[in-house]
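Here it is: the structure, laid out below.
To keep things simple, chains are lettered A, B, C and D as they appear, and every chain counts its residues starting from 1.
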Amino acid sequence: MAELNIDIAGLKLKNPVMTASGTFGFGVEFDDFFDLNSLGGFVVKGTTLHPRQGNAYPRMAETPSGMLNAVGLQNGGVKYFAENIYPRLLVYNTNILVNVSGSTVEEYIACAEQINELDHIAGIELNISCPNVKEGGMAFGTSCPAAEAVVKAVRKVYNKPLMVKLSPNVTDITEIALAVEASGADSISLINTILAMAIHAESRKPVLSTVTGGLSGPAVKPIALRMVWQVSKSVKVPVIGMGGIMNATDAIEFFLAGASAIQVGTANFIDPMASQHIIAGINNYLDRHNFKSIKEIIGGLQL
Amino acid sequence: MKKSVQNLKVVSNQRLNKDHALLELKSEVLLEGILPGQFANILVDKSQNVFLRRPFSIFQVDYKCNSIFILIKGIGGGTRALSKSLVGETLSVIFPLGRGYTFPEKKSKVLLVGGGVGIAPLMLLATMLKQSNHQIEILLGARTGEDLVELGNFAKYGTVHTTTEDGSHGTKGFVTNHALFGDELKSFDRIYTCGPEPMMKAVARLAYQNDVDCEVSLENTMACGYGVCLCCVTETTGGHRCVCTDGPVFDIKQLKWQN
Amino acid sequence: MAELNIDIAGLKLKNPVMTASGTFGFGVEFDDFFDLNSLGGFVVKGTTLHPRQGNAYPRMAETPSGMLNAVGLQNGGVKYFAENIYPRLLVYNTNILVNVSGSTVEEYIACAEQINELDHIAGIELNISCPNVKEGGMAFGTSCPAAEAVVKAVRKVYNKPLMVKLSPNVTDITEIALAVEASGADSISLINTILAMAIHAESRKPVLSTVTGGLSGPAVKPIALRMVWQVSKSVKVPVIGMGGIMNATDAIEFFLAGASAIQVGTANFIDPMASQHIIAGINNYLDRHNFKSIKEIIGGLQL
Amino acid sequence: MKKSVQNLKVVSNQRLNKDHALLELKSEVLLEGILPGQFANILVDKSQNVFLRRPFSIFQVDYKCNSIFILIKGIGGGTRALSKSLVGETLSVIFPLGRGYTFPEKKSKVLLVGGGVGIAPLMLLATMLKQSNHQIEILLGARTGEDLVELGNFAKYGTVHTTTEDGSHGTKGFVTNHALFGDELKSFDRIYTCGPEPMMKAVARLAYQNDVDCEVSLENTMACGYGVCLCCVTETTGGHRCVCTDGPVFDIKQLKWQN
């Protein structure tokens, strides 16, 4: 049994497998399936200052080896989260992160301040990359000045680990990563979904109510892997990789590319046990290759 | 029964007509208390163009054999591949999922209205309503007589009526053209329906007009099936609700379907 | 039988189905499979001023619903093309375009000048988007000034239809599209491949000799469709859509999104007859929906 | 024979051992003049993780039954799915592709060296060499005796020798440890080989040293299989050449394998 524990800039993970925001509900929905404490951590749903109804149905389109979503950050708002969801999370003994979004810097700040009060929340994953909301969202993640502004502002009010989640919808992801690092991010997670579109040929209508949505799943894995590699070579803070990870082999690829931890997203829909199989598979890989610790393969790509 | 991911063995696959198949899937885990309207989310691993699981109503439960039945109508890659499952294969199934139909508290006269493959959840419903001795009328609609399946089994639980668009079986027209939707409708305590959305909306409208309770089972597209992706929402009086966990069965009063 | 012919800024296509550069050789390789004159047109291999050996093997990686390539513009150079390949193309009675690449603006110019001499070549597809070469290539397609410079320069020396092929590896594809249009492009084709990466977990090595390569195939279709939609709403010149088109339904989606013609790329590898099935399927779709001409569905997405 | 995309019917699927299967595929189009070393590119439509076709040597041709044989070793998603093909199914196959082995002009003594599933192109080669009355020695290597397949059929065309890594059949070691690669090697006019690249390189080195002609069949990964993607190149004396059209068979003099 190799060592799986890893420290992500203050977040102590028992293993490098987390689950991704928007694909894991508030965690509690998985109680029937497995013991959540087996995870390195999980990131709960995108949370905003004010409640959001999200976008109209249909919000989902299946695509080759992937899917589009246009949920649009449906959530009860941070107050609702603190009062109604947070108490239910106290039973878990793993790292719980809240994924925070906003339309303005002020909203991000106000939301982060409230989460700062929640002792059992290990950190924030700052979502500057959601393609499914009209204002803000992705815009913060596609320009360096905007990314800097929001990260700096949140950094001021939030004392615990701050993970910043990048948008892949950019010409040069390393630029944004460097900007975010310089602005106080403790770690960087990527990728969020890729802006995409589906059309129903027979009805000649867009499949999604919002016309465009975010692509996730195995289809994006090669793109995510490339970006994780580029970013982890550019920044010093730890990188958390995601995008189409379905099994342990995929996860290993991300570690080799430079990720210190990974998040399992869309795979949860195909198999709610995916994260469990991935943890077991990573263990198996390390043993087979005689590695003593996950740390030995992080960035271990042989060029 | 707690939801779980199971590998179920295909113990039989009966072809009912050119596009309907009935699968019997045996579980290793003891089945208990599955409700009509609950569904199973099945992985399709033999079709190149299918990525997500496909949801199917639990058509029937055989607690003696510890198996569930799934009625599949082949309409696309996923349903066609599953309808060709071979006996002996295993399928990865997440079940039971969602909230089922509710049962009347007192002895009632109920109408079950199914359209197309929307008849699927009604078989288990009819079975369980019959066990509580409710008076059951069953109205099944399809395009043609050939598209009507399992009429014999439905007849075990109630009086079966049919409508077909081409008039080849029963009343010609849509389900709402059937005499049951005339003056008699008021005599029912509750209507249960499942089928294409336009059909369910028409049924709901008439239920409203006649002040009859009515539960519908929605078929929104789903990614997860257990409440974590928020993709399957429907507009309700309480805002967006997930069809997979708050439904698939809804009381029409919860939905904004009045007009 | 609906009308399939369409005019793409001077290119008269008998139907809107072309085949994509780098996936169709010089066309002649398909003689065994079908009559090339059935196509609206075809684009031959990426051609450069000087001969190029391309990148070392391995140059290909299979990915979920797609593939990476890192061919790196292996070609004999424009002179070799003119002398050895061009004569063999004279027998075809369809639009043949040459896909032109370069490391410098001067190379683009010199290459275009030589192609300008070849009467039987209907147009140039200017590749400012190849992710698989060290210099130039994609760089021209990811910045507006660079794109403008190369398009303007080639426009000056090339008199026939000039199609410019965009890179999807950008934050805002419409910016580049507008720049290219303003610089004299007669039409715009997109998308080229998306920069991506594959790792072999067991050997801990990159699959490609070049580490990164270009992603194509159905995996990218939702992204391509989104970009074609964005671009066709922004520019006035015709748009030629591609990216993961495998069958007629996919093609129809691109027309609805605003493409005036499409190119079939990776699909040729899976089925050399793909373009033929697509032409037949488009016909069938138009007939079924009572359209008299392909023109009726271009940009016909119902919002 | 002109290359084409055909739907071939699986007329038999024989499992040879735990991971090898032999498929017989029947064509509707008259087969003619297929050369040993030519290959077929087969679509895998029942495996979710396979996108591209998979190339396989044409193992044997039965012109009477108008069928080709494909020997498949299951190593990944594509080969495993194909090795489970059901009789009666059709497979989409592009063939015949590539340049095959060349034949000696005069009556010769030849050595066929196959490693693992690299024996596949050698069966048709042996068949055709035998028809021209060449003297044929066949050396087949594998990990264990159980991995050696079709020895009986090879024996029809020449003297069969074997090596296994664990010594369970024939000489213990690699093919190049066999006595044939000793002094006797010089007595051969030509060596034909196919197998894992390190094996072929070892064979080629000894062929060079002993000044024996040698043709190898490469197995570079392919996207198209017919010369349009330029993904399958190998370094040759004439620069990058496509294995799918300029090969898969190359004379070692064309390759940069001297050391």
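Things worth noting here:
Quick note on the criterion: a residue touches a chain if its C-beta (ideal position, glycine included) is under 8 Å from a C-beta of that chain, and two chains touch if they have at least 3 such contacts.
Keep in mind the model is a prediction, meaning the values are calculated, not measured.
Considering every other chain in turn, none proves to be in contact with both chain C and chain D.
Each step here moves to a touching chain, and the least such steps from chain B to chain C number 2. For the pair chain A and chain D, the distance between C-alpha centroids works out to 47 Å. Per-chain Cα centroids separate chain A from chain C by 34 Å. Rounded to whole angstrom, the centroid-to-centroid distance between chain A and chain B, based on C-alpha atoms, equals 36 Å. In this assembly, the C-alpha centroid of chain B lies 54 Å from the C-alpha centroid of chain D. Multi-chain contact residues of chain C (touching two or more other chains): 63-66, 217-218.
Among all residues of chain D, those that touch two or more other chains are 50. If you sketch which chains touch which, the chains form one closed loop in which each chain touches exactly two neighbours. Contact between chains, per the stated criterion, is found for A-B, A-C, B-D, C-D. Across the complex, chain B meets chain D through its residues 45-48, 50.
Every residue of chain A that touches chain C in the complex is listed here, in rising order: 61, 63-66, 68, 142-143, 169-171, 194-199, 201, 203-206, 211-212, 215, 217-223, 225-226, 229, 244, 249, 252-253, 256-257, 285, 297, 300-303.
Taken in their complex, chain C has these residues touching chain D: 22-25, 29-30, 32-33, 45, 53-54, 56-60, 62-67, 69, 71, 74, 217-218, 266, 268-273.
Chain contact summary for the complex, chain B toward chain A: residues 2-5, 43, 49-53, 92, 94, 220-235, 239-240, 245.
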